[in-house]
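Read from first to last, the chains carry the letters A, B, C and D; within each, the first residue is number 1.
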Amino acid sequence: MKKEIPLAITFLTGVIIVVTFFIPHQPLGGMQQRLLIWYSIVLGFTLLLGVDSLLRSNLQKIMRRAPGWPYAVVVVAGFLATLAAGIHTWATTKDLLSLGSSFMYIYTYMIVPLQATMFALLAFFIASAAYRAFRARTLEATLLLVTAAIVMLGRVPVGAEIWDKLPGLQDWIMEIPQMAAKRGIFIGVALGTIAMSLRVILGLERTYLS
Amino acid sequence: MMHIIGTWIAAGLTLAIFSFLYKDNPFYKFAEHLYVGVSAAFAILYTWAFDVWPMLVEPMFYGRGAASAADRWILLVPMLFGLLMLSRWFPKIGWLSRWAIALTVGIAAGLGITGQIQGILLPQVAGTLVPLTSLDNVLMVVGVISTLVYFYFSIAQKGAVKVGSRLGMIFIMVAFGASFGYTVMARISLLIGRLYFLAYDWLHLVR
Amino acid sequence: MKFFEKLASIDRRIIYLLLALAVVVPILLKLVLPITVSEPVKSAYAAIDGLSDGSVVMVSIDYDASSAPEVQPMLLSVLRHCFAKKHKVVMLGQWPLGLPFGEIGMTTVVDEINRAAQSPADSIRYGANYVNLGYRPGYRALMVGLGREFRDFFATDYRSAPVDSLPLMRPIHNYNDIDLLVGLEAGQAGDEWIQYAGARYGLQIVIGATGVVAPDMFHYMQARQIKGLIGGLQGAAEYETLMQHPGTGTAGMVPQSWAHLLLLAFIVLGNVGYFVMRRKKA
Amino acid sequence: MSHIFIALVTLALAAAPVRAAGAPAAPAPAAPAFFAAGLTAADAPNDEGRAIDLSWTKAPGDTGGAAVFRGYQILRAEQAEGPFAEVGFAIGGKTSFRDNVAEGAVHYYRVRQLSAAGAAESETVGPVRAAAQWFDASRLNVLIVTVLLAFLLIWYIERAKKGEELFIRKIQGLDAIDEAVGRSTELGKPILYSFGLGEIRDIVTVASLAILRQVATKCAQHGTELLVPNWDPLVMAAAQETVQQAYSEPGRPDLYKEGNVSFLTTDQFGYAAGVDGMMLRQKPGAVFLLGYFYAEALLMSETGHSIGAIQIAGTTAITQLPFFIASCDYTLIGEEMLAASCYLKRDPQMLGSLKGEDFVKAALIIGFAALAVTGTVGVVLSRGGHGGLASVFQAIKDWFVTA
């Protein structure tokens, strides 16, 4: 029963969605819409899945005074403070995007700099890898690096200053050879996705239940 | 005043994350953990404000957007599935979450089949059907075909297949080179964004 | 030979420092370089420009702080363009953590226009000229469902006002009532808009994408599945140029240029060292 | 194989006129002749019976924006004589409108043009009613392809299940695996294997486990130490099982050390830093990065390069592939990785799917080539005044166009 019912649910919903794609007539048209709404609602709950284990593991760390427990305090405190600000904002304005609210204050001055800077680090990591690891050791890697160099120069204004044909060359690479290969790749990916979806609906593929 | 304090907080956090470049240190760890905690709270609040409240509570209890009583109460079904999703929090009944996962996986797979055919396969095939009246068209068709040959596994790579596959490899490398260049560009842009913030919003060095 | 060995073992923090300088110095010097506008961006501009005055444009905020420096200037330019053409804007988002960026961008542009407005007819108001629907989970399911009826998902806007209380939303039921979607993308949501709303319902789409996503959009462009493509910060700068309203995109292109030159120098230097040392070993 | 392709094309061509015939059919008898604005009203095709499509010819004054021409008011009534009420508005420049209605009810329409010079109304059209369709004829091409693909995949999976010998070519990267293990053994250095940030349910993680099995078997044969630091506890458990089995088969269970397949952390950069530290301390002779990777790929492959290890990478993450190719000795690109695991493990499901997909690719390769020639000849002929082939080509192309 632990596997049969989920497999039946997957089969049923998958088939309904495929069939209603072709048959607009009632009651099928409405049935599809109802399932889509349900999907949207249920999917929202997955956002919460990580929260529990996050809180639990950090609380445990604090209780046990495990190494690095003060950072666990930071996690929990940040969580509770933001939750409080959010609940307050919601209760007073019913608007979590209200720019003057305490909740948006946390967003603007904490979430944004933290998240954005985390990704800005990557620029440095790329610079270091560019110097230390990106090597033209094979024909393939050489082609890749040469194309990358043309694109990197052609896609910024300084490229036109160096050679006025560079932006045009860059556009051409993007629109013809790179597009052609990407098309081949994405046709392959689409076929893989279709095969996978079919196997899932037919119950052949069950790794998602693990 | 609040704005100035906020900017200083933001600048402090930005520098704390950047300090990782020197080496891993407590400032970085503090900032990183703060991010984890704060964004977890966001997940809860947004689920409430943009999912549970408008899609479950309002229609069920206030009848907003629901045409009939049946429309209202049938929402108990997705609500139940949503709660089942959270059964993972309790190891003993954790297996119940599979029901909810099965629902989302089934719908996504159902949408995926026709979506990939209608959204990618057919239009991309149509886009490739061009008369070979220009060099660009020839290159494009050859590029698509040889890339497909490269990813064709049912035949040994000998003779014409080998040539096609090598050609495919060249196109693929050009494509990856282009992605490489664009990705580098993107990462630099993010750095520019952060340094702009430090120079402009925080230190007021630029006007 | 010693030289290259020394060069190879250089501390990575020196590399970091050089990159930081390559970006900071041009920012401080406020240098400007002329921007050349590419075809895909021209097409994107033309798609918005070619709509009859007063058309309905939907803008999807599918990014967050991790890519906002690239995409936010696109949002500002697109909103300015829409309002200049008297288009109505319906905003929503697929990335919950990015939603505030939509609100911030909208507020910025609306304030700017209303401050400059000469008469009430020139000013723009929430509910009449623009709305923000907010976020619902679901990605592809949501996109397919909106093709039948917006109200099934968005009975209310982002602050719980019923959509039928907003004059702009009253006649909008599904994609037939939307003239163009501008998807601002940092991930998979753009592909899903194209496959599930574009291919399925014939919704016209323009994509503004991060540099990471943009190269994977050209095959849609060639197959006419999208009407235009704004790629990366350079794309944003190009749109700003077309709007004759330079912003952070245009300003960013000088540090961007310098950083690219530096990175290419790193790659060349690293490879020269690699081959010299390899020959020595052999 | 080619006969099926021919059948496919024939089927496709046969379907094309059907689709044209299924296009909107205006209820001609009901609509009165014509009016100023050339208004027509008809049931919206291929829907569940909730809409009426109106279209009209552009009014002469409809130019120059909202200041000159405001637009078209859509008026609807239940009876031909009225009363008419506004149900919608189309801005200037538009020549069509879709009205949402209830199924089955009878409607009459008028369109009123609003221009600076004044208003003008069209004559009444109707009666028209919205009807639901049982089949969406505009999606016939999708249906045909769906059925064909489903048939192909199931057929090949069944064949694979029956144990039929289905050929998969050897993937070049697999030779590199043996070479890398051999080199590490010679140097007396350990081997490091990472799954990146993939979860156990990712297909690429499953493929990576099959390759890990191969690597572990080689390591057991040579007595080489194998380190597998993990990001996901579930993946770690699966990896432990795989490595343990591989070691006991050649009779070397003594070599398996559980601590070598370890859990690091679930933090992205924390994991990368951990693996980097491991590489710097233990100096592996070969590094395998096979699985799903995000930005941490760059950090790990850079360190691997700096310690002089042979690096073999593979992922389906298209954004990370370029960085792997630039910094690793060998990279399995996307589907190659899945094919490699099929080659090694011959799991009937994956194998059958792969063969089915390959069949479609072959059909596409032949189809693209043949149709490119057809199209080219068609264009040349049409220059000489013979448009037949060109229009056949166009018809085939149009068949694939959706929406």
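The rule we apply is simple: a residue touches a chain if its C-beta (ideal position, glycine included) is under 8 Å from a C-beta of that chain, and two chains touch if they have at least 3 such contacts.
Bear in mind that the values here come from a model prediction, so they are computed numbers and not experimental data.
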Which of C-D and A-D has more C-beta contact pairs: A-D
Rounded Å distance between subunit A and subunit C, as computed from the means of their C-alpha atoms: 16
Mean-CA-position distance for subunit D and subunit C (Å): 23
Residue numbers of subunit A (touch at least two other chains): 18, 21, 29, 35-37, 39-41, 43-44, 46-47, 96, 107-108, 111-116, 118-119, 121-124, 126, 128, 130, 132-135, 137, 140-141, 144-145, 148-149, 152, 155-156, 174, 178-179, 182-183, 185-188, 191, 194, 196, 198, 208
Residues within subunit B bordering two or more other chains: 20-21, 32, 39, 42-43, 46-47, 49-51, 55, 107-108, 111-114, 116-128, 140-141, 144-145, 148, 151, 172-173, 175-180, 182-185, 187-188, 190-191, 193-194
Touching two or more other chains - residues of subunit D: 139, 142, 146, 149, 269, 318-319, 322-323, 325-326, 334-335, 361, 364, 402-403
Graph class of chain-chain contacts, one of line, ring, star, complete, other: complete
Contact set on subunit D toward subunit A in their complex: 46-49, 103, 132-136, 139, 142-143, 146, 149-150, 153-154, 157, 200-201, 203, 206, 234, 269, 295, 298-299, 301-302, 305-306, 318, 322-323, 325-327, 329, 334-335, 338, 349, 353, 356-357, 360-361, 364
Residues of subunit A touching subunit B in the complex: 2-3, 5-7, 9-18, 21, 34-52, 54-55, 58, 68, 71-72, 74-83, 86-87, 90, 96, 103, 105-124, 126, 130, 140-141, 143-152, 155-156, 172-174, 176-188, 190-191, 193-194, 196-198, 200-201, 208-209
Residues of subunit C touching subunit A in the complex: 8, 10, 12, 15-16, 18-20, 33-36, 38-39, 64-69, 96-97, 99-100, 103-104, 107, 132, 134, 136-139, 141-142, 144-145, 148-149, 152-153, 158-160, 215-216, 218-219, 221-222, 232, 234, 253-254, 256-264, 266-267, 269-271, 274
Parts of subunit B lying in touch with subunit A, wherever the complex brings them together: 2, 6-7, 9-11, 13-14, 17-18, 20-21, 29-52, 55-56, 74-75, 77-79, 81-83, 85-86, 88-89, 95, 98-114, 116-117, 120-121, 124-125, 127-128, 136, 139-148, 150-151, 168-182, 184-185, 187-188, 190-191, 193-194, 197
Subunit B partner contacts - residues on subunit C that touch it in the complex: 13, 16, 19-20, 23-24, 27-28, 30, 66-70, 96-97, 99, 134-137, 140-141, 144, 151-156, 158, 160, 162, 194-196, 198-200, 210-212, 214-216, 219, 222-225, 231-234, 248, 251-252, 255-256, 259-260, 263
